[in-house]
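Two complexes follow with chain A in common, the first pairing it with chain B and the second with chain C.
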Partner chain A sequence: MTSVASPSSVLNIDNLALHFLGQDSVVEALKGISLHIDKGEVVGVVGESGSGKSVTALNILRLLPRTKTKIPHGAVSVLGRDVLTMGEKDLQHVRGGEVSMIFQEPMTALNPVLRVREQMFDVIMRHQKITEEEAERLSLNLLADMKIQDTERVFNAYPHELSGGMRQRVMIAMAFSCNPKLIVADEPTTALDVTVQAQILNLLKERARATKTSVMLITHDLAVVAQLCDRVYVMYKGKIVEQGLTRDVIGKPQHAYTRALLNALPEGKKPKSRLETVAASMIDGADSAAAPVVVRTTIQAGFKLYGQGQPLFEAVNATVSYPKKYNLLGRAISFQTAVDHVNLSITEGQTLAIVGESGCGKTSFANSIVGLVPLAEGELRYKGKNLKDHDDLTRREVQIVFQDPQSSLDPRWPTWRIMTEPLTVGKSPSRNELRETAAGLCEMVGLDPSAIDRLPHEFSGGQRQRIAIGRALSVHPRLLILDEPTSALDVSVQAQILNLLLDLQEKFQLSYLFISHNVAVVRHISDYVAVMYMGKVVETGAADQVLSRPEHAYTRTLMDAVPTLERAFAA
Partner chain B sequence: MAGHQTSKPEGPVAIAKAEGASLNPLDPIARFNRSKLKQYTNIEIVVASILFIAIVILAVFGAFLQTHDPMQGDLMARFAKAGEKDYLLGSDHLGRDLWSRAVAGLQWSMACALTANIINLFIGTTLGLMAAEKEGWARTIIRQFTDTLQSFPFLVVAIVVVVIVGHGFVPLVFTLGLLAWVVFMRVVYAEATSIYQRDYVKAARIAGVSRIAIMFGHVLPGVRASLFVIFAFHFAGLLIAESALSFLGIGAPLGVPTWGNMLAESRQYLLKAPGMLMVPAGAIVLAVITMNLVGDGIASLSRKRGRSIDV
Partner chain C sequence: MSSGTASASSVANTKTTAQDILTGLIPLFLQLRKLAWLIFAVTTLLFFVLRQAGDPALVLAGNDATPEQLAAIRAQFGLDRPLLIQYFSYMWNVLQFDFGKSLASAEPALGKVLDMVPRTLHLAGMAILLTASIAIPLGSWLGFKPENPERRMVSGFLFVMQGVPGFVTALVLIQIFAVNLRLLPSLGYEWYEPKTWVLPVCSLASFLFPSLTRVVAANVAEAMREDYIRTARANGASQMALLWKHAVPNALLGAAALIGTQFAALLGGSAIIETIFSWPGMGWLLLESVQTLDFPVVQALAFMIAILVFSVNASTDLVFRFLDPRLRTKGA
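Our next item is the complex of A and B:
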């Protein structure tokens, strides 16, 4: 079901194309898209990175550099007025007055050297002719509308004194301050924790309903769309491939890409089952390495199982603390506890997931296992012995894969050198040996072995994460710590990486310590789950049990906050 | 296995193909094709290279290009104008050929600035890496020392040192070499600190890679591009510093043909023989501009190449 653009539309984009002009190349970012948003509607625009969704949003307010872009055809009109032909002065009236924007990262969207007060005044006084007292009253009311308790404090605070969620509330309050007709929200909750995300999304929806403001919500998260939006547009490679009522699009997707996107979500799939991946030809540019994993058994042959039933790894009262204050001599006098007496164990071939929000200590815990931060108290046991007492070679059986594949590979090193770096420690194998090993590792992680001479920037995010996994596998690890390995990736690529991890685990009986904030992913991949909150493990148990029937109050809050397709339709 | 070469090119990829750039980085022709060469050159780089090559030729083959002995005067031919007799750029108050003196000065100044620059590079990089590697007393001491050194006006310290140690090439080089490394230390420290926080360094540490191997394998190559750029800019700074010290009479020994000395001598004859001022001053300006252009060129090269290829 498709609604048709009417003259009363708040936003009307008609067959818009947009090209980015490079030095000697042209990138077609938008290839003729048409969309419209009516009064009071909440409309979602979904797509993966590079689909053109943010470009569409920025172009509504003409926020793209005009010398670097070209609009071959199409029209954008706000309240019936053509934005593309408008002069800079009229545009300023539209920006912030009729259309306002909420960005992904509230820390960079707010000016760090000005108080909230000044920034709100700036917006309000520019568009409305009112006195400062009136502006102050209006600001405080707006902040109160955002369910901020101590409005006075927030009003006089600098952005860095506020939490991420609070900053985003301020941003939303500012966006509503001039009674705009349309709010464009570009991934407004992606940088926030799940529980905060739920609050922010509800606030946004409530305020929009109350003020009859239209919202264009740009996101990669289908569950968020399902929960919030009346209608949805699915974008793919600069085109709109599907549109309609949210319920129809997500319930009965027509286009192959939408179906593939929904199938790639781990949500609602059988745990540990292989996820369907978006067909290689549909993914832009590179990550076509969705081929089944071929394993050269010679590389990893001869791993010994430590013994079924016994824990391979145990944390006993593990505590990590960071110095908070120093005395004059540079000695720490007070400490902040990041990980507080954590007890966990992992058996061979199984996956323990640690779920928690940012700052709960899950990454500190991971870092302490691989020896990047020292334990303040307690013990980490590997194969029944303190990890510290093992020789270097055994210690290397515990490896880590980091979150951001951008930062985890040296940009100047070719792939073969990256993958085999751990093998050069204490030994000097020949270049050919290393290259051969790297080729084998490439096959193991589903990359073309001929790619070993390439540099990291020649790979896509998913492929880079495969390289990082390959490097970890080079030393025959038994325990792999995966620190948010898929959170920097698109949904379709995430599905591929999850499949790879499951395949590798089956082949080599690897144990995983899987750290994530994504409950759907955790449910899919893990056997056991530990929920961390403020440095403490508040609940542990079998994945199914903890995630379906949470006992601890925090776990319940967390589970309730997670946007899911199911719940969106039940509502 | 579906390698990505076989996947159907679409979207931006197709456009890149149409532009003629092969996507296969292993293809040697693609690596050095013309469009790439064009992409990496601009007018600035061309001008910088021409000037730089000219300076190098003058510095290396100067002895053959001098028309006169730079030290030998002819009192019959004082204050000759440019082109008069066989004085290309004229002569000075003692009848010495200005062109030959300028070339000799170039050799002296270049040798001095280059040696000092290499000492600066070595000290600054070493201290910067040491400070960046680990938090602790070494970092504190190095940073405090650098701050202290920087808080003294450089020329004043140099004057004091030269007054104590004496004139000559070696004292001058060591004064500049031991005092002017702060910029190297600061840049290396800042960049290395950020590289030390990258995940690939953590991964190397977890794998048991030694501190030295991390430093020389990951960190130093990471700051290399910046080092080239500072090296060029700093060279210009050292040229000026050397000339300034010589001009003040505390750099090169009296009588040695250097640009600073020539400037100092020209003061008394400003009105009578402006060429005596113009020649060394022009030489300094040209040399400094060249080195700055070279620095800009390297910077824009490494920006364009991005993180993809080593400079």
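Our next item is the complex of A and C:
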């Protein structure tokens, strides 16, 4: 239990265990982990949700509530000093001064009612004895180092006036402001677009190198680790299961979990092949209740194919705009165009993916198809007829699955009610009928049919997404709109959902409109790809062609920004 | 570099000044439109509801009036005309701020009400001030560490206090300070005599501050769980800085809404307290004129309260804008 910090170690964690104390239960979040980070090193800590990687990070600065945690054994030392026995005053000196953190959500990590100026001063003036003018000069220089052009404006802005990427630059500038020896970055780019992610990661790397600051990068993204880190620790269920040089760990993984994690990535796999999933027993409570996918054809029997050759769905000059300014009478006088004359078509049984970054209009387009936002112009045709002119039964053949299974399911409804709600529109089937249907749908999407009485919070994220897919399937859809269905999920769970979608498509000849920012996922699942940028479709074509030989400048930028294992090792 | 961009934008600004002023007035215009609708609805509704409540001529003439006297009074006040005609002539008068004369004192009804407005504003303003100055510090202290045993006890006490009506506190306070200790008067109001304010203001505040404290405490506790608090802690902020610099300003955003609602409620709703302490305000007048079926005064009061409550709500919006930078929309 003695922590022998080597002289060059900035951070030394020795056999650390940490328990969360519940009402009458104890969760062992860390089960004796040891790691160290030397001066100037960039070290990755990889794992899926629940692996203990964030807990490790927060505990370095003792940011976990002390009344709810217990540390049975182990030591954490920063620059040779034990932080576990340190008093609050000394800790405040370490926090932000010797070790600083960058958090995941730039939307919520900055105080909404304070200007950037005040928040930067807050850190700088606490740890350095300098005047306000010097602090201002220092702040502006730091912002300029972050390649911010209009430093004055950003400096005087409130967080909500800045984009996500800009906020994260501010966070990084703040993190470097007091010359820390170690920066702990907890998923610093997970909430950002890929092109922004690439810029932010480069900035972080450059600044760390220039100032010889050590970085602990916590992420679930193996490609990011491959690109940035010298060494990597793989965490799984509160333990470090593998460690070593990045190239060795990712190139020649030794531990079964590391191998499974790499295999679950769609990257580099044959398109539409079923991905290997991390064995259910290996995932901590994640998706272990999922039954094998048994598709009961009886429930969807008798679907009719619309016919080959013609597109099942077409968008003709589809335009969506939102009111921007109002006149005296409260009528909108100017509009912001979110979707700008989009023309697309989907053939039966095939997948069209829309790729683009946040704000490009892909979600507005999806919402317009299911009628959540009106079209300002253009037409949506389903089976050759305007979607609006179809009867209700036919319109129901177009269904949607939303991104976030945490918030898109009613938390007080049991699963069977959620899954069968579409069937009760305009009809009132008996409770037993609905429960039976729900059980069938559960089997179809790989959930245990006995789970139909459970509430959404009793399921994992992946299982909730299965429920959402089941709900969409309840009305025998022919076209499923999938709006970022896997981006809130862990890699191994993502693989399971992608497999499920591919299975369902094969069984029922479903058509998918798959909306995503994840190029690797899109490459894996889609037949055709449309790239959207600022409301317009800038490039369409067969998936392989668009993604491998992009022609439009924006598509090329997008493809270059995507971190891939292949490219990381080529460099 | 920055001066160049500044001058460029100021040129752009001078070009659009007239339009800027117009667009700046839009919120005001929309508010006034809402107010007009509100007043129209309130006066109309009250006109018809009050006519169902009793015959004003009976009130005027007294119990032992002969049918001839009643008819004469009806003719004098135009009460013999068809109801719709009465309504239109009434609305026409309201447009000119004429609510008729008080049936009790023959003074103009609106004038009688206007005399009361400053007194009620005085009482409500003091009560809200006292409420906020107790609730904000106390709530912040409670919300900072809600699990703490002594803070839990205070929360429990507040929970009970929340259920004690203001008039109960008023009677207890009168018994202690006016009857037993003879320190403070229990009746009357003089604007230059603070002694006469203490008990009514305390009685009102005693009812209001528990709920506001609880809201502030809940909001502070919630703010303390936010990501930006974690960021500030990770940057080495002290406990005091976390609470006062980071958590409380965010928590007050939610509390401001309740302060506005409470103030608005006081303007029309402090009738019982005003009556107990013989505080000659709008609430007292309302109670009295309802008892005597003094329709013109009741109507004028409703009109006045509608305007006041509306103004308070509109100013709450403004305060929100001041507190929350996210609501200070710039241009688009």
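Methods note: the second predicted complex is superposed on the first by the 561 of 571 C-alpha atoms of A that agree within 3 Å, B and C clash if a C-alpha of one lies under 4 Å from a C-alpha of the other, contacts with A are read in each partner's own complex, and residues count from 1 in each chain.
Here is the rule we go by: a contact is a pair of C-beta atoms (placed from the backbone, for glycine too) under 8 Å apart; a residue touches a chain by one contact, two chains touch by 3 or more.
This is a predicted model, so every value here is computed, not measured.
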Original post:
Sharing chain A, do chain B and chain C clash or fit in the superposition?
Top reply: clash
Original post:
Which partner does A:Ala144 reach: the first (chain B), the second (chain C), both, or neither?
Top reply: neither
**OP:** Pick one for A:Val94: touches chain B only (first), chain C only (second), both, or neither.
**Re:** second
Original post:
Is A:Ala332 touching the first partner chain B, the second partner chain C, both, or neither of them?
Top reply: neither
**OP:** Have a look at where A:Gln399 lands relative to chain B and chain C in the superposition and call it first, second, both or neither.
**Re:** first
**OP:** With both structures superposed, pick whichever of chain B and chain C touches the larger number of chain A residues.
**Re:** B
Original post:
Which partner does A:Val123 contact after superposing on A: first (chain B), second (chain C), both, neither?
Top reply: second
Original post:
Of the stretches 149-157, 167-175, 203-211 or 257-265, which one in chain B hits chain C?
Top reply: 149-157
Subject >> Contact residues of chain A, present in both the chain B and the chain C interface >> reply: 330
Subject >> Residues of chain C that touch chain A when the two form their complex >> reply: 2, 23, 26, 29-30, 147, 226-228, 230-239, 241, 245-246, 249-250, 253, 323-326, 330, 332
Original post:
Where on chain A does chain B make contact in their complex?
Top reply: 23-28, 237-238, 280-281, 284-291, 294, 330, 370-372, 392, 395-396, 399-400, 402-404, 407-412, 418, 421-422, 424-426, 443, 446, 448, 450-451, 453-455, 457-458, 468, 471, 475
Subject >> Residues of chain A that touch chain C when the two form their complex >> reply: 61, 63, 67, 88, 91-97, 100-101, 103, 105, 108-115, 122-123, 126-127, 152, 158, 160-161, 171, 174, 324-328, 330
Original post:
Contact residues on chain B for chain A in the complex?
Top reply: 1-5, 7-8, 10-13, 15-16, 19, 25-26, 35, 39, 140, 198-200, 202-210, 213, 218, 221-222, 306-310
